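To keep things simple, chains are lettered A, B, C and D as they appear, and every chain counts its residues starting from 1.
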Amino acid sequence: MAHGHGHSHGYEPEHEHDDEHDELQHCIEECLNCHAVCTMTAQYCLTEGGEHADVNVIGVLLDCAELCQVSANFMLRGSPHHVVTCAACAELCRACEEACRSISGDERLVHCAEICAACAESCEKMASGSGLSDSGDVEED
Amino acid sequence: MAHGHGHSHGYEPEHEHDDEHDELQHCIEECLNCHAVCTMTAQYCLTEGGEHADVNVIGVLLDCAELCQVSANFMLRGSPHHVVTCAACAELCRACEEACRSISGDERLVHCAEICAACAESCEKMASGSGLSDSGDVEED
Amino acid sequence: MAHGHGHSHGYEPEHEHDDEHDELQHCIEECLNCHAVCTMTAQYCLTEGGEHADVNVIGVLLDCAELCQVSANFMLRGSPHHVVTCAACAELCRACEEACRSISGDERLVHCAEICAACAESCEKMASGSGLSDSGDVEED
Amino acid sequence: MAHGHGHSHGYEPEHEHDDEHDELQHCIEECLNCHAVCTMTAQYCLTEGGEHADVNVIGVLLDCAELCQVSANFMLRGSPHHVVTCAACAELCRACEEACRSISGDERLVHCAEICAACAESCEKMASGSGLSDSGDVEED
């Protein structure tokens, strides 16, 4: 993966390679990883059945997976509105982490919870520190 | 389309058919429609070229289309977290409306702006009035 | 919804309004409808539990919903490659119809099966009759 | 990423780690990578303008990115129907590779073409050799 992220001036890519870029790159990877793990965990939970297949557990896994994918896509497109999707994604990752931790004694759910927590942390950083206002307006720079 | 939206008590569907349900149903339709119109408008702008194909215009059309789809999906799944995605979707719809209005003299862009505005209004209602807190936590009921 | 479907000459939209266009428009609507119904049915099945929540039933509902969305998106973009996605979508709709019919005595599953069958039929028409070869190459006109 | 892929007997995961699993894992990675590269390349082409922003080039990049994502999702869910999506994905990757090669003298497009070619090859293997018939029926094993 590479550049193409015009995160500070709209969709126009900045080709510099700096700390801000590294954080964006890291967040894309966390989101793609969290999407994959939540998708596989939902399938695992369906196969296990019982409390694992509770509609609230499967539901939040599907929600989190879908929003992680979108959050990654906004960053891959270099969208200035990634702050909006990163903020939303962080909320879903926290909710998903909580749901995974609510079922005890399953190391796959513990793993999923950890991945969600890491993605939430990265998305929270992107949502707060990107130089874009909450409204998605481009920064004054 | 029908029920399946347990928007007030988690993912469990409530089969009552009431005002709250109608508003949810209306918002799903607005989001699906806005997704379709933004997707077609992006294609139209690419074909037109010139200022229509500006990366900021195409970019926000793609962003808005994608988030409308996700917002509809959360509501179709009856997710209690639809407040998070509706709030984010409303922001993108407003940004997309603004971008469409920035190019004058094109009735297709005017149409797209109007669809975005209607979707934003509906999503804003869902985000604020659904009985779920902003954090996505389920209401105390 | 409107035009924007350059189905006979690549992505360039043809503004004529003819039979071929009507069929495309109809197929988009079938796909969007099938996506919505399968998404809600998956949620319903999770809530019901038991044989409804079997991983093979939920799995094919999620698969079908996702591919219907993509098939609609290709057509909304006026992509000449919609023949590829319509063909794939038809297969998933048939598989989903079969899964829904495998559980007897549930009118919501019967409804979902009927929607899937209608979408499959429409997608099969688009896949075979659109004037594009199977390889997705643009027709010689 | 890990297991959860019941690719030979429906959606039920097989926990063995064998050659078939490695190939599936490899194909997921190729699809996720191709999705990311095509998404960034579409943005890059929009920013470059001119022949890069031709609707046929951007269009096939968006198509390919979307189908790669879906193809990865089917495999992540362990869906027996991944043969259908892998076959479709391979076709789009070949079309996208061709479009990228049609614009000469741009190393980013050469890179994208190479990623598409690698993804096509991997998807073709999954589509033909997975032990699932074209209809998506589960193998007799």
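Rule of thumb we're sticking to: contacts are C-beta pairs under 8 Å (C-beta built on N, C-alpha and C of every residue); 3 or more make two chains touch, one makes a residue touch a chain.
Treat the numbers as computed from the prediction; the structure is a model and nothing was measured.
Averaging C-alpha coordinates per chain and comparing to chain A, the farthest chain turns out to be C.
Chain pairs A-B and A-C differ in how many C-beta pairs they share in contact, with the greater number at A-B. Centre-to-centre spacing of chain A and chain C amounts to 28 Å, using the average Cα coordinate of each chain. One finds 20 Å separating the Cα centroids of chain A and chain B. Chain contacts: chain D has residues 11-12, 43, 46-47, 55, 59, 62, 73, 77-78 touching two or more partner chains. Remark: chain B residues 1-4, 6, 11-13, 28, 32-33, 36-37, 39-44, 46-47, 69, 72-73, 76-78 touch chain C in the complex.
Of all the residues in chain D, the ones that touch chain B in their complex are 43, 46-47, 49, 53, 55, 58-59, 62. On the side of chain D, the complex with chain C involves touching residues 10-12, 55-56, 59-60, 62-63, 66-67, 70, 73-74, 77-79, 81, 84-85, 87-88, 91-92, 95, 135-136.
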